[in-house]
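Here come two complexes built around chain A, the first alongside chain B, the second alongside chain C.
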Partner chain A sequence: MFRDTFDKAVWFLLALTMAAILLLVARGGEPGDGKRGAGLGKAVEREMAYRARVELVGKLYRPVEELRQSGNNAAALLKLDELIRSYPGEAHGHILQGEILREMGAFDEAVASYVEGVKLNGDYLDAKSPLSRRKEIQQLVDEGLKSVGARAAASPGNRSVAASLQKVNYLKSRLAGGCE
Partner chain B sequence: MVRDRYFWSVVGAGLLLGALGVLLAVWGNPENSGICVSCFIENSAGALGFHDNQRMQYLRPELIGFVLGSMASAMLFGEFRSRGGSAPLPRLFSGIFLIVGCGVFIGCPIKLFLRLTAGDLTAVAGVVGLVAGVWAGLKGLARGVELGPQAKETGGYLVPMLFLLLLAFLFLRPGFVLVSTQGSASQHAPAVIALGAGVLLGAVAQRTRFCITGSVRDTFLMGFRSPAPWGLLAFAAAAMAFNGATGRFNPGLYGQPGAHLDFLWSFLGMALVGWVSVIIGGCPFRQLIKAGEGDADAGLVVVGMFIGGAIVQSWGIAATSAGVPLAGKVAVLAGFSLLFAGSLLFRNRTA
Partner chain C sequence: MKPAFFTRLAFVILTLFLLAGCKAEGKRPVVKIGYMICNSEQETLRRFAPLTRYLSDACGVDFVLVPVDTHDFEKRFKSGDLTFTHTNSLLYVVLRENHGLQLVASEKRGKFGARSAGAIIARKGSGIEKLADIRGKRMAFGPMLAPTGYLAEYDLMLAAGINPERDLGYYSIPPGSYKHEKLIYGVLYGKFDVAAAPVLDLETMAREGKISPDDFVILAQSQPIPYCTFGAAKGADPALVKKVRDALLALKPTDTAEVEGERLKVMKEAWIDGYEELLDSDYNPIREMAKRVNMPPYQKY
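Entry: the complex of A and B
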């Protein structure tokens, strides 16, 4: 590998290139280097976008929350319908819908709404997320396994109850974690 | 056989893989995913910015450990040999479809058994699929389907070098390397422990040639006269014991972490993985180990797996607890089409 001048020249050039890379990387570590700043900015940008989303969600769904607080759940559901149609990729509407339906006693429909929300965005299962609904979903699953499970056992041919139980089991799987 | 040192080394490798497979989940990796090569590849592809699922981005140290551990062991014992050049593009596509199959099942063959030994009964369909896939692959081999011979070449160093670069990324954390703060990728064992476990497993797997699909293949070929099935049994026994001891054994079909109830697609996904693995000579884990010991063909499979890791996330191929999406089903069938076409094209009809 060091047989002739050509080999030696190539080895020299290789060493020179490696040294140049190391120098560039080392210089990149100095404060004020624009590229490093831009690189680090990616994570910060993502964090900012996430925070912005949380803020936007709060603002967007404030009328729904106000209607809920005033006890007007039916109007809140109507407003949510409108928002879900306007923002079909946004999970928060489904989660709020699930909460309201649960308060109104429509358990199976509430489960279906939570499932829609969780499928769109898994953040609602993360204990650390500001949007977390983990505790509520856990309670829903515990209750669902008892009530829907009992109904499914009593009428094994009932397809709508079987579908509800499947949805409860889906939420149970998501709560259990694992790779996604 | 019990007096043979190699037999005990394979059994030891199985025990170690089973134990660390559970312990890494205890130390922070996602449930039943202490070791999951396909999940880790999807995470690492995301960390390098190849896909934008913000819940699946983390440069998994275990992967780096597998390759560098294998490289170190191969060099130490004089087994590092740069070779390659056998059907490069089919191998690249095989890597992609290995991850497609794993993505539809949710896990590689190692995770398949980790799921099963944690009581996840949905994994049974995957086990049957994997065994069927290996069997079909062997039938193809017996009829002359092979990708061609390797030659001595110098490209075998490239993938280990790439993983050395990833090791630098792991510790230097350049800004373009993404790290999830939510989702399963945010769950991980401490980096040094994960790297150490990876290096140890990489070295042991390099010495013993232990691999899940290889064990199934050897069982078909030689039965229990081969050490491989004993290694597989040791792996399952260790995983089951550690799952039981750490309270992670929850038998049942429902509510299992990272599992779905589309049994047919679990079967087909793992069958695809088993079949492809036989043709290219090993499961995703074995490909990493071979890439570490200078096999440029396995290295190309690894590159394909990274591409696969990116597209299963970007194109909505990967299954979730909700089931297998349409794109996932189509991708598995496309994988089988490729296998069938390859079986025709790469058949040595004089054999």
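Entry: the complex of A and C
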């Protein structure tokens, strides 16, 4: 086994390699722990960012909500228009606009606005989200399938009604879990 | 001898080509579209020239843009001069009821798409907080045949038990062009206490930075009603009506047309967001308003 120096050298190198492997295996968990740590950090970061967004959205759109509560939907829409221009990537303005337009009797435009909002941010379909509008969107879809569906059946060649129905169906598919 | 023969042959072929060209050009029918003048004749010509050219290209017809004063429109249409019309929704109803105008397509602009609403506004901080406060005040209306600058607001006031003829201090209509803008500025700078403002104009002026939504109190707003409308005369060629409707509905923001050697974006020049296919029954709220306000086509003396 250790007949000469060469054998000794080979066995020594083998032992060294084994020790190195064991050491690596023993330390192997650490990067994973680090990853887990980093993962936790990211989750916390995500949560913080989400809560910050909810806070910001509440603050940003408070004047609109106040106008709505005082029954001044027309002024609320004008204010909202300003906010949508200032924050074009923010979905909340489109969702609020959809709610107001629906209250004002502009159903097709309301559906189009909800579609814009949902396309920008799917949180509004999530029942657990503090921003959730799932129930309202479900009601909108139910009403749309009846009213827009009836209009589409009565005027099969009308492309505008068909486009509205398509938007209602889009919201329906998103409620059912369909992706963008 | 041979060169002379070829010269004559070339001349004959060239003449035939030229004649063929003239014949094809002359064959395109000429059809007039009457456009209701909004602010001025020049503005109407500038706004709608690219759209008219686009329609000519799309339909294979030489459309001619005819600017028509709002109050002359019915008379002009009755003469049979105009095959297509582009008017506000109240004029559409008038021409439909009195002359059988067909609905072609409705124009989309702003938040309500093919609809807009009328609003009664006051300056914030003026002490006028609700509709009842306008009694005895100075009010400005838009042009008399404006659905969202006169009709809708007049109807809102009647519904609230306010008779504009009796209960206001006085009311007037600003003279000249840009009446809607003038009355909004009139309220902002104190010339009038209240005004009948189309929501679309408030929206547009705010977007252009001319006013801030925070400057005004909206005392009342009508339901959204259809806005500008393309119509076709009762006897118009159905195939052409379909072509025009298809071309309008297919219009995209990137579509261009050449006017006086310049290529222009059609929708941008005409200030529109597109066209929609509404039903004639969508105009019923305007009919109801016109009956209540005693306006054409239901006016009773």
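Rule of thumb we're sticking to: the second predicted complex is superposed on the first by the 138 of 180 C-alpha atoms of A that agree within 3 Å, B and C clash if a C-alpha of one lies under 4 Å from a C-alpha of the other, contacts with A are read in each partner's own complex, and residues count from 1 in each chain.
The rule is simple: contacts are C-beta pairs under 8 Å (C-beta built on N, C-alpha and C of every residue); 3 or more make two chains touch, one makes a residue touch a chain.
Because the structure is a prediction, the values reported are computed rather than measured.
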| item | value |
| --- | --- |
| Contacts of A:97 with chain B and chain C, given as first, second, both or neither | second |
| Partner chain in contact with A:46 - chain B first, chain C second, else both or neither | first |
| Touched partner set for A:161, first chain B, second chain C, both or neither | second |
| First, second, both or neither for A:79, with chain B first and chain C second | second |
| Contacts of A:105 with chain B and chain C, given as first, second, both or neither | second |
| A:170 touches, of chain B and chain C: first, second, both or neither? | first |
| Touching partner for A:4 - first (chain B), second (chain C), both, neither | neither |
| List of chain A residues in touch with chain C within their complex | 72-75, 77-79, 81-82, 85, 97, 101, 104-106, 108-109, 112, 151, 155, 158-161 |
| Chain B-facing residues of chain A, complex | 36, 38-43, 46-47, 115, 119, 122-123, 126, 128-129, 166, 169-170, 172-180 |
| Residues of chain C that touch chain A when the two form their complex | 111-115, 117, 119, 199, 202-203, 206-207, 212-214, 216-218, 221, 223-224, 249, 276-279 |
| Chain A-facing residues of chain B, complex | 30-33, 36, 39, 42, 54-56, 106-107, 111, 174-176, 178-179, 181-184, 186-187, 254-261, 318, 320-322 |
